[in-house]
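Both complexes below contain subunit A, partnered by subunit B and then by subunit C.
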Partner chain A sequence: MQALSNLLKRDPRTKLSITSTVILTVLMALNVHFFHLGSSLQDKDIISTIAGWIMFLFLVTVFFLLLYTGNISKYRRIFFVASALLFFPAFIAGMYETFGHMYLTEENLIENTASYCHIVTPMVILPYVFTKTIIFPARIFSSAASIYGMLIIWLLATLVSGKGFCSWICFYGGWDDGISGIRKKPLLKIDPENKKIRYFGFAMLAFVVLASLITLTVMYCEWLCPFKLITEYTQVINLKSFIAFAIFVLTFFGLVVVLPLITKKRFQCLTFCPFGAFQSLLDKLSLYRVRIDTEKCTQCLRCISVCPTLALSKEIILGKKTKPHITCTKCGECFKACSQGAIGYAFAHFEKYKKNPFEKIISKLENHPTLIKKIVKKIVFTVKELLSPQSLFIFSSYTLGMIIMSAFARSTVHRTINLIVNGSFLFQ
Partner chain B sequence: MIFEALLLGLSSGTYCIIGCAPIAIPVFFSESMNRKKNLISGLLFFAGRLAGYLIFGAVMGALGAFTASYLDPALKRTLSNYAYIIVGLLLIASGLMYNFPRLKFCTKIKKIYKFEAWALIYGLLTGLSFCPPFFAAAARVYGGADSINGILYFLAFFLGTSLYFLPLFGIHLIKKHAQNFMLIARIVVLLMGVYFFLFLGIFNAL
Partner chain C sequence: MKTFFFIMITIWAAVSALLIPQVFIHSTFIKHQLDKVLHLEVDPAFSGGREIAHFLDPVNDDYGEGCLSYPKHKAYTHKSGLLDLVKYSVYKPQTNARWSSEVDYIQVSFTFAKVNNDLESIHGFSHPIIHLYLDVDGKRGGKTETAFSRCELVRFDENHPWDFLIIIHGFHKSAKIISDDGMYQDRATIFADSEKKTLKVRIPLVYPKLKQILDGRNTYHYVLVGAYDPLSKGCFMPVKAKAGLKYGGGARSALSPRVYDYIPPEGKDQKQLLSSYDEDNFTYATIFPLEVTADLYIKDEKNIDPAKLAKMKKQVEQEAKAEYAENIIIIESTHSTSNTEDIKLAIALFNIQRLTEAEKLLDKILTKNPDHAVANAYKGVVTSQKAQLTENITEKIQYVEQSFVYLNRGAALARSDDERINCFICRAEVFMAIPEDVFAKNKNAEQDLTAVIELLEKQEQKNHRMIADMYIKLALCYLNQAEHDDAEIAFLKARSQPELSARAMLELVERGY
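Let's turn to the complex of A and B:
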């Protein structure tokens, strides 16, 4: 009972009314039905249908709880970590079914059969500009993980969520986000004012872009990517490939497991992921931002210590600035830490229009009979909530994350049930 | 022939950027610049590149067809590996000096470090970075078997490619976030140094 009450405990600063929550959850359920359940209902395989229903119920329930309780950081993390954990089993199984092993051979690379990974996006742009070739060995069209398909999703996600990609959509980020949330207090404190750590990711971005340009290869994938360990690892055939494999092991355990665990900071995403830094630079294109209300802020500095990407510092809070640093991933950790509710989502481009049209309508209702006034007030309040930057940002980012998940999540659940029932994780 | 060299430089200058930008960009951004310093360093970088081209042009022209037999892919790779190792070591040295100024080793580097002089050396090394257009120019010159001809050919080639490096002279104009750019560039210098030295140099030689 205590657990259930904890689960449903509402945060008055960020919760939505039950009416708005239900409306948005129904809309989300339609989306989830289309992407996760639709095809499995037509499937004659009962296990596939069950897997579809499990994903449907999971995604809709988490979304409902996220809005209803207003505990954005907690339920976002559940959704985000689930995405990361469900990705790699389906990916590895797919590798075994397609190639018979978990690595890519020279022939596979020549045939351009790798799955396009969004992390390489900043590395392929300049070589394409200069040489008119895409240096990543994936198909342009004709598969879910084709260059074309992934770039469309990335473009949409950038316009909507911007840097929020790193806390809502990326199927790798859930690893260090989840691990950084395990401990209550950090064993090793990282100074939030440390600029070298905050901007190291941008150095990595510049470095891998320039290095990819000089060699016309995706050097990050060849030498550095921590997630090679849980996706398509390098086959150790000589000293060079052994060194690459050793680097993958070190970066995965060092940056994705150990450092996030002891510091409570998202080290891989903050300091090592070139795509994360790239998204920071492109965040200006997105529709939503995190904003600090300097009038409400009491400068208690609690938000600074909880930010997992060093996006808040004394310079921001004591300097009464309204924007966090560009490493902010819109994860919502600081919302929870702020007792004044001074931090929240805001529209990026309508800040000039301070006058709220809804307040105007409500003030005009003063002379109307009480019942009409109550009904109209309720409707206006609900519309205001539904069109608030918080509702719109969460709805659109969750939708995009859910669409990405549809490429692998049901497959992993399906395979797991298949493993339990039929003893095989692979379909072939 | 000179006009051809100019056209070759202009048409293949984007390839030169591919070879040179990864060194030039972080190195230039890592120094705090004013207009005068930017101009001098940029000119010295250009002078270094020109010197590299002219030396190579003269040698290729003088040796003529003799060198053709030595320009096999294995030799090209070996030469590139050595160039990468040298560039890598220099970048590591400057990267360490920028990022860890209190280390004893770094205080020693600082004594001999003068950005303008290093810009000249980086220019020279990027001039000899053995990119495909560079070899195309070399192939034309050793056919001529004449030093003067080789020097003139590489001079025109240098002028053609230089157009793409002009933005280097505008680094001092970046005022907004200049401190952050510098901090990032200094880390990139170190990372590039390690990459050139280990990954492109040593590992390729293995």
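Let's turn to the complex of A and C:
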């Protein structure tokens, strides 16, 4: 009972009314139904249908709780970590079913069948400008893992979520986000003012982009990517490929497991991922920002210590600045830490817009106690909530993350049930 | 002003939030629109370099000098196309290659009409052996006789004696390279893709004479395909007048080349060249090479005569009118008396897009007989077309789901070949029409179309027009999956049909076939 009450405990600073929550959840349920349940319903396989329903119920419930309780950081993390954990088993199983192993052979490269990954994007742009070709052996069309497929996802995610990609959509980010949230207190404290750590990701981005341009190879992907270990890597056939494999092991355990665990910071995303830094630079294109209401802020600095990407510092809070640093991934950790509710989502180009047109209408209706006025007030309040930057950002980012997840999450659940029932994780 | 801007950005944010799923639903369309602007292409270095030349060979010409037949061995019986080379490609030589075990190499590829691995070869290609003779220095050196005596039974153009022979078959991990003096021997890496029926061979450019290819001069290629026989000279299976277990048949002479397929240069004919042996003087048939111009990048130039194209379009229009008229006649002359008449009428109505009437009839048939396979299949297509007419996502998915139920039911209930053909075509059409990124059904469409083609090929009185149409649909299905090589072969197979509809002809001509 206590657990349930904790689960449903509402945060008055960020919660939505039940009406708005239900409306948005119904809309999200339609989307989830289409992307997660659609193809499993036509499947005659009962296990596939069960897997579809499990995903449907999970995603709709998490979304409902996210809005209803207003506990953005908690439910976002559940959703985000689930995305990461459900991604790799289906991906690896798919590799085994297609190729019989999880490494890329020369044949895969010849046939351009490597899966295109969003992290590659910043590395292929400059070589494309100079050579008019993409320096990655993936399919141009076809599935979501094709070059155009990922390009569409990236463009859409950039416009809608911007840097929020790193906390809502990326199916790798859930690893260090989840691991960084395991311990209550860090074993190793990272100074939030440490600019070297905060901006190391940009140096990394510059390095891999230039190196890729000079060598015309996707440097990060070939040599450094920690997630190669749980996706696909080139076959170990010589010393070069062995060294690359050893680096993959080291970067995965070092940057994705150990450092996030002991520092409670998203170390890999912050310091190593070139795509994360790239999204930080492109965040200006997105519709939403995190804003600090300096009038409400009491400068308690609690938000600084909880930020997993060092996006808040004394310089920001004590300097009464309204914008966090560009490493902010819009994850919502600071919303929870702020007792004053001084941090929240806002539209781009607007600080906290005080003279919100809806507020004006609501205040006009304030002094009219008749039933109709109350109903009108309720409607206006609901519309205001539905169209608030918080609702729209969460709805958009969750939708995108959910769609990306649909490509593999149901498959993992399906395979897991199959493993329990039929004793095999693989279908072939 | 600020209020107005705030309202605008709110509306924009709300609209974009609601439209995200639409972007994914229409992603195939968006990808193609993006492609029109960006023309993205993967660095050809990964796949062995840019194709600098390709040579297409007619389908079903694996008869050597004109009448060779396959051996009687069970691995060959009731199979055709196993020795039928349909495409030979040469790629731009690569230096300091990335992501490759070879440093400098030139890649060539061979595509066959059919592949079978009855004899369990390493690469999945059990039947053919390819001898690729290369002349890398023009007239200066080389041989005009074959590398092994009494092997292919041909001789080479005196102006282009060969310098290197590359022996390729499915039973060795790599291909063997032999120089004209028999001294130099090296290995070329073979990459086989039996699904695409293609063998890619990377010839390392290490030997100084072979390295001349990098100088950018023209090279000359003789591509000879025989039946693999490990016990024969040069592994080319002999041919005799009558086929036996260990030799092919149809040879007109003891000098008949043991070559089942050969790609002649433009303007020359395979049958003519392979039968140019002289029994009186005991000389073998002389063959000529394909010329490959280095650095030339041939991107499918489609020099289509506009007048010819306009004429063909007119023919397509006429064909469509004739089909329309035919359907009207069926509608007017058919009376709804039985399910057989009703389904005929419903199909005719469907063909001229009178969907509501067609659906009513189909419903009537299905009320009487819910297990009517063809009615189920057409009901599926009609239902799926409703999905295209609505903008509501939920309705769209409901229609598509409903259509799948009918289509799958129709396909499962089909008993006769005709019913199967109808039901599979209906299902394939729907699978190809729905967004690939959401439903991923092109692979299933491919299976249905392949099944339809097999059924059509099996019929005693072959409907060549329909077979060609199916091959074109199959090719388009491959293109949707970015399987360009398979698509090319399917187009070639459509082209090889003796009779084609005007629509099919136009499609092929517009695509440069």
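FYI, the second predicted complex is superposed on the first by the 416 of 428 C-alpha atoms of A that agree within 3 Å, B and C clash if a C-alpha of one lies under 4 Å from a C-alpha of the other, contacts with A are read in each partner's own complex, and residues count from 1 in each chain.
The rule is short, and it goes like this: a contact is a pair of C-beta atoms (placed from the backbone, for glycine too) under 8 Å apart; a residue touches a chain by one contact, two chains touch by 3 or more.
Being a predicted model, the structure only gives us computed values, none of them experimental.
Between subunit B and subunit C, more residues of subunit A are touched by C. Of the two partner chains, subunit B is the only one touched by A:Lys196; subunit C is not. In the superposed pair of complexes, A:Met204 makes contact with subunit B only, with no contact to subunit C. In the superposed model, A:Lys240 makes contact with subunit B only, not with subunit C.
After overlaying the two complexes on the shared chain, residue contacts for A:Thr399 are found with subunit C alone; subunit B is out of touch.
In the superposition on chain A, A:Arg183 makes contact with neither subunit B nor subunit C. When the two complexes are overlaid on their common chain A, residue A:Leu216 makes contact with subunit B and with subunit C alike.
When the two complexes are overlaid on their common chain A, residue A:Pro137 makes contact with subunit C while staying clear of subunit B. Put simply, subunit A uses residues 127, 131, 216 to touch subunit B in one complex and subunit C in the other.
Partner subunit C is touched in their complex by these residues of subunit A: 27, 30-31, 33-35, 38-39, 41-42, 106-107, 109-112, 127-128, 131-144, 146-149, 151-152, 156, 159-160, 216-217, 234, 237, 287-288, 347-350, 353, 355-357, 386-387, 389, 392-393, 395-396, 399-400, 403. By the touch rule above, subunit A contacts subunit B in their complex via residues 127, 130-131, 195-196, 199-200, 202-204, 206-207, 210-211, 213-216, 219, 223, 239-240, 243. Taken together, the subunit B residues at the contact with subunit A in this complex read 14-15, 17-19, 21-22, 25-26, 99, 180, 183-185, 187-188, 191-192, 195, 199-200, 203, 206.
Residues of subunit C touching subunit A in their complex: 2-3, 5-7, 9-10, 12-14, 16-18, 20-21, 23-24, 27, 30-31, 34-35, 39-44, 46-48, 98-101, 189, 191, 193, 200, 393-394, 397, 400-401, 404-405, 408, 436-440, 480-482.
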